[in-house]
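Chains here go by letter, A, B, C, D, E and F, matching the order in which they are written, and residues are numbered from 1 within each.
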Amino acid sequence: MTREIEDTQAKAEVLSQALSYIRRFTGKRVLIKVGGELFENEAAAKSLASDLSFLRTVGVDVVLVHGGGPQISKAMKQFRKEPVFVKGQRQTDSETLDLTAMVLLGDINRRIVSLLNVAGARSIGLSGADDSMLLVEQLDPELGFVGTVREVNTDPIDRLLEYDYIPVIAGMGVDRSGQLYNVNADSVAGKIAVAIGAEKYILLTNVPGLYETFGEEDSLISEIDSHGLIRLISTNKLSEGMIPKVESILSALKGGVKDAHILDGRMVHSVLLEIFTPEGIGTMVKNG
Amino acid sequence: MTREIEDTQAKAEVLSQALSYIRRFTGKRVLIKVGGELFENEAAAKSLASDLSFLRTVGVDVVLVHGGGPQISKAMKQFRKEPVFVKGQRQTDSETLDLTAMVLLGDINRRIVSLLNVAGARSIGLSGADDSMLLVEQLDPELGFVGTVREVNTDPIDRLLEYDYIPVIAGMGVDRSGQLYNVNADSVAGKIAVAIGAEKYILLTNVPGLYETFGEEDSLISEIDSHGLIRLISTNKLSEGMIPKVESILSALKGGVKDAHILDGRMVHSVLLEIFTPEGIGTMVKNG
Amino acid sequence: MTREIEDTQAKAEVLSQALSYIRRFTGKRVLIKVGGELFENEAAAKSLASDLSFLRTVGVDVVLVHGGGPQISKAMKQFRKEPVFVKGQRQTDSETLDLTAMVLLGDINRRIVSLLNVAGARSIGLSGADDSMLLVEQLDPELGFVGTVREVNTDPIDRLLEYDYIPVIAGMGVDRSGQLYNVNADSVAGKIAVAIGAEKYILLTNVPGLYETFGEEDSLISEIDSHGLIRLISTNKLSEGMIPKVESILSALKGGVKDAHILDGRMVHSVLLEIFTPEGIGTMVKNG
Amino acid sequence: MTREIEDTQAKAEVLSQALSYIRRFTGKRVLIKVGGELFENEAAAKSLASDLSFLRTVGVDVVLVHGGGPQISKAMKQFRKEPVFVKGQRQTDSETLDLTAMVLLGDINRRIVSLLNVAGARSIGLSGADDSMLLVEQLDPELGFVGTVREVNTDPIDRLLEYDYIPVIAGMGVDRSGQLYNVNADSVAGKIAVAIGAEKYILLTNVPGLYETFGEEDSLISEIDSHGLIRLISTNKLSEGMIPKVESILSALKGGVKDAHILDGRMVHSVLLEIFTPEGIGTMVKNG
Amino acid sequence: MTREIEDTQAKAEVLSQALSYIRRFTGKRVLIKVGGELFENEAAAKSLASDLSFLRTVGVDVVLVHGGGPQISKAMKQFRKEPVFVKGQRQTDSETLDLTAMVLLGDINRRIVSLLNVAGARSIGLSGADDSMLLVEQLDPELGFVGTVREVNTDPIDRLLEYDYIPVIAGMGVDRSGQLYNVNADSVAGKIAVAIGAEKYILLTNVPGLYETFGEEDSLISEIDSHGLIRLISTNKLSEGMIPKVESILSALKGGVKDAHILDGRMVHSVLLEIFTPEGIGTMVKNG
Amino acid sequence: MTREIEDTQAKAEVLSQALSYIRRFTGKRVLIKVGGELFENEAAAKSLASDLSFLRTVGVDVVLVHGGGPQISKAMKQFRKEPVFVKGQRQTDSETLDLTAMVLLGDINRRIVSLLNVAGARSIGLSGADDSMLLVEQLDPELGFVGTVREVNTDPIDRLLEYDYIPVIAGMGVDRSGQLYNVNADSVAGKIAVAIGAEKYILLTNVPGLYETFGEEDSLISEIDSHGLIRLISTNKLSEGMIPKVESILSALKGGVKDAHILDGRMVHSVLLEIFTPEGIGTMVKNG
């Protein structure tokens, strides 16, 4: 047997090993949340598209929810509009809202859709306004058009999954009068994960996962349960940006999602590795 | 009879008269093209939403294609970007393309979707990038990212109609590499009308219809056939803006659409009146 | 704007107003009971056929139950057979029963079916003997072949509605041995309304509705609830002929029908006006 | 072997023998035409109902077409109306037409339906007016309301067969205006047999079959083909009453029906014996 | 009427009588257990195949479970292998197991399948290894590869019945590791009868039925209920070979099977006679 | 890179690379032929079961056809029966036929079925006798019960694939009388591949593939087309055992199969590597 054959056998082993994972998730729903920053990194974006295409091909129902913070900030700068923060959240006046919608729906969403289509997965973009999918109410009058999700109408998602599409969802919602609102994408993702009965909820971030001690690379947590996560929050061991993500995970698990993952989206094929190989590459949060 | 139909019997007559028209279009597909300017007029926009909701309720499969010229120009002005015209068409560089996408998808499209949802029709927004629905190629290198439709993938439209949604489609397309292009909305509308097998193609404009003699109000043509239309073009009797509309109509009729209409979208309930009453209020172009 | 356009707009308003009513009843079942006398009046009969065709076209599942008292009496006269009344009900011997069946099924039923077919609604005639749909037992031995409904087999109705037919049902039933019985059509209508889960039960009569004081035209009741109706009966304020109708309404409401209407069937388009316009033209009995 | 098959083994043989015939007709359509006179004979009527119920139970799609000559004549006598014959056919004025409809639909049809229901086969009565099933035109102005079938709309039959009903059809039709016409039942049966794609067409009469020499019992023909049948007609060897039956058979065979049978309906279980045993008891006409 | 006609009428009566039995079992499931010895008798085997084909043709869902005791013993003799009995059961070492599988699956099962196919019923052979249909565990280590059924996976049976196949099942099972086991066929039959919701469970043996007094032909029991059967066992009135059969019947009845029959499979058409004629030819055990 | 792919990224690459192959074969049918000798090698057998399970999980419709030469010869020896060869083929008398059936169906087939079930693919065993799937006729009277396939009834295969089963088929057939015949498994495989419309036909043998010069390892052919294959035969460059395999391939390609492969079944994961990696490990025969 030559070296070539040996490598070949190793390849076969990888596929063979993946089999049990594929079997476990075929026919199940997986919700993936990704921030806007990932799409500034072309390699990461393409690798994500390829991974989601893989998931879809082996029969997993994939739903993608995306944000777009960096792109919105950039667009505001171009319009010479200064971001105002109230209670730590971006105040959203009518002009900011319009700009947000234009960036999320008219730019990021359609780019992701095209990336997925080119990677061979058929995808369609949605926002919470489509079929009034995300019914929201105002979070706080001082914040302007910032909403919080009250009801998720899963009809558009169910219909698209039925035809093997990957729905790509921008985190905006509408109230009963049809008024648009901006909504935090992590929170939207958690709510949708519960509403569609997702088996798994994956949060792609720009850190490798959660740390026992913030700042110490060695303390990366590879597995934790919801109780552990609550303890972690209560001891202030999380970075500020991680708080809404962790809260969205806790609410998803409470709502019945089996497990959640925090992965570094910048790592090539992070989703594939997390789901289809025995090795962990981020933090997995088990329900319990 | 006074301006308000006082008599309940008269009301019953109106409904009863509408019956044969309802019956004729139930289960059929109607494509409606509307320009961006209509949505600057709130009354017209709401009346259109109500009319489409009526069509949907009585079983007509409605597909809406929209443009957004005025809004794009306004956005360019805000960005202090000067429109450049080559051979009578807007040159579309990368920046203009991005702006166009943001305005069409992130602003106009989602507004129409919300208007329809509030009017009681369930609707979902689409662009040619969704499921690579509109496959285009570049029209002319000098024009930049301006495309012309080569293939229409009707899957997303068919799926949405199957669940009684009104698909709202922005006139942009993609090439095989996923690159976005701007496409003339009249031309998109005509191509989609043929691809989905529409029975009727309605163009909402801001004039009452076609005129025998341009400028003479009395010469409004209430019915014409495709031969007549070709004659009209050859004798230069049409305004310049009407040319692409008329060409899109001719190509739709050639592709098998039964008849086309040019209506004044600013007139309240123009669609309802054109389809469900015996009186004509615009120009109808019969196939033949 | 000319006078013509004004009237045109008024037409559009009527259609537009009807939309919410159409939407409310699409996919719902409505049972209409009509006496034989209506079919002596050609205009009323044609208008009813047109109204039911409208209902069917906009997606309402229509079921028609009819009687035939005047026609039966006329046929008996032709046969020189004297009607005998026992306890206020027509005694039905074997010969009378045969004559009743011949008039109801062989004459009135097939005429209604043809009227509806010509009006564009597809319809099929049924009697309680078809698939033993109305299982009855003898009401009183002295009355002979007069039955009261014990069970309704809704299979034939369900099957026909499934294919958008209007079932036209004559009020006769059979016992387990297959023996035919005559049954009061109001009572049959109420029982079927409950069995098929009708949303609405409309009784077409030859009076405008119920009166607070019988004989005083001004006292027409436009809306009442079941408690009010019971009070009305107990104070002897109803004409004798109205009693079985009112009882059939009360039993239908008790069985879960949402609301009932007593309308003057001789009024042209009475059904359309009652269902699709905000104005009331008869007496509506609400459940409650 | 005595008249009652005593031996259980012999019983088993009969069932076992029937197997290949059952298998041949399961899922196939069989049209049976029966004259009105059969229903004057209670034993024959009940035996027919039992046989059709057997056919239906083993999966044969049964359609019954019936006439009613004797009963119509009797009713006319009761009404002191003298039959008038023109060119050998009964002249049908408006009064005669009404009487015919009353007898066929209101008496015979509903009696057959009840007989079948009691015998355990679910059945529904139809006439050519239901869903305008039999579209006719006038045969000859002198004959009045006597029609000939132009088109058969098989929808009502198809729908009922789909739910394992036996449609029982009275031979009357309507023109496009909804006007009723009387139609010869043999002719209706032949037309329907072709329209529904019947495998077999069985004519129940009151003679044992066709004779080589009319009047000679020994000359009963047990099998013949269409050529033979045409020869038989051309040599005037058929009774006058047999002519329309034989013509209806020829037209059915020409339209694709596999074979036709002329049986004596008065013979108990004649249908069962003809279809499910190797012995012939009437005349079978093969296509060819 | 001649003798021929008389016999013919008698035939019709047999068919007509069978109708109510056919109707009762159409769409129901019947499990039939047959021992290997029946297939040593060609006439009995062919008659059984013909009877099952009849059942299938009239819409009964038939499942056949078979043993093969005599054939296994014969094969062991050919291999000069002496049967060893422990606690009254055949000890099954690895070699015996292989031989059993070869005889049951490779010989008897495929012969029955062919017999049925030739008799016009479409059939497919199965063993408990197919789709791990019969999950067993070892009965007793001393007995070797003798198993007892723990779970029945009815998927393969349901799928085949759906397409009107007759599944022919050999009484062998597998444990979770895929190891084959021999299982008593009576016990397998009773378990499957319950698992598939059989209406009737028929045991074909080589005796006419159960006897009140074993050995006295006159004391054949034609009907008994489960209580009676338990009494019979407790009073030692059954032959030793009958015990596992009777236990399998009791467990089937307990599991919800409506009734069970013990018939003499050597009697030609025994199944047909038992199910489709009023006469009893064996012992019927009613549930209760 | 070492023999074990250590790097997780490399793993991800393998999966990612496999994606396009998975996508190409999802929903397609692949027929795999394997000789009996493979099941004498436990590692090869388990690896094959795992590979087929992988194929099934990613949506490929797998059908397995197997032979059993070595096992049949061994069984004959045990029975002290000397194989007789006529014209190079094994003469099959009645006793040899029975033994063949017992070995193929009662031993090898059920073992493969269990291997697949344990590997997580649901499988059911079939022979050509099931639903008379392989209709054969005698090849040559001198050879006895050796048949050649005349017709393939794909119903049982289609039904099982519909429910995601892997049908495992032993190469035996029946004639119209139900008589069993032995059939060459290579020939059966090629015929079934064509009948079921297989995309790919894989022959697992115990050599690495075809050689340009028989005996010279270096001359292994990695790709050839049917013309090349015919040339190879004509120049006597194939071993004798390879001839029926190559003929079965040529007939499969002629019948429309897209491509065929000759692989060494003893090599672990040979099927997976051949289908899901870019490297070739045997000989691929392209259609053309």
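The criterion applied here is as follows: a residue touches a chain if its C-beta (ideal position, glycine included) is under 8 Å from a C-beta of that chain, and two chains touch if they have at least 3 such contacts.
Since the model is a prediction, treat every value here as computed from it, not as a measurement.
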> Counting one step per pair of touching chains, how few steps separate chain C from chain E?
Replying inline: 2
> For the two copies chain B and chain F, what is the rotation angle that overlays their Cα atoms, in steps of 5 degrees?
Replying inline: 120
> Is it true that over half of the residue numbers where chain A touches chain B are used by both copies, so same, or is it different?
Replying inline: same
>> Please identify the chain with the largest separation between its CA centroid and the CA centroid of chain F.
In response: C
>> Report the chain whose CA-based centre is farthest from the CA-based centre of chain B.
In response: E
> If you average the CA atoms of chain B and of chain C, how many Å lie between those two points?
Replying inline: 45
> Can you give the whole-Å distance between the Cα centres of chain D and chain F?
Replying inline: 58
> Which chain D residues touch at least two other chains?
Replying inline: none
> Mapping chain-to-chain touches, which pattern fits: line, ring, star, complete or other?
Replying inline: ring
> Can you list the chain F residues touching chain E in their complex?
Replying inline: 78-79, 98, 101-107, 109-110, 113-115, 117-118, 122-127, 129-132, 155-156, 159-160, 163, 165, 174, 177-178, 180
>> Residue numbers of chain C touching chain B in their complex, please.
In response: 4-16, 18-20, 22-23, 26, 50-51, 53-54, 57-59, 120, 268-269, 272-273, 276-277, 279, 281
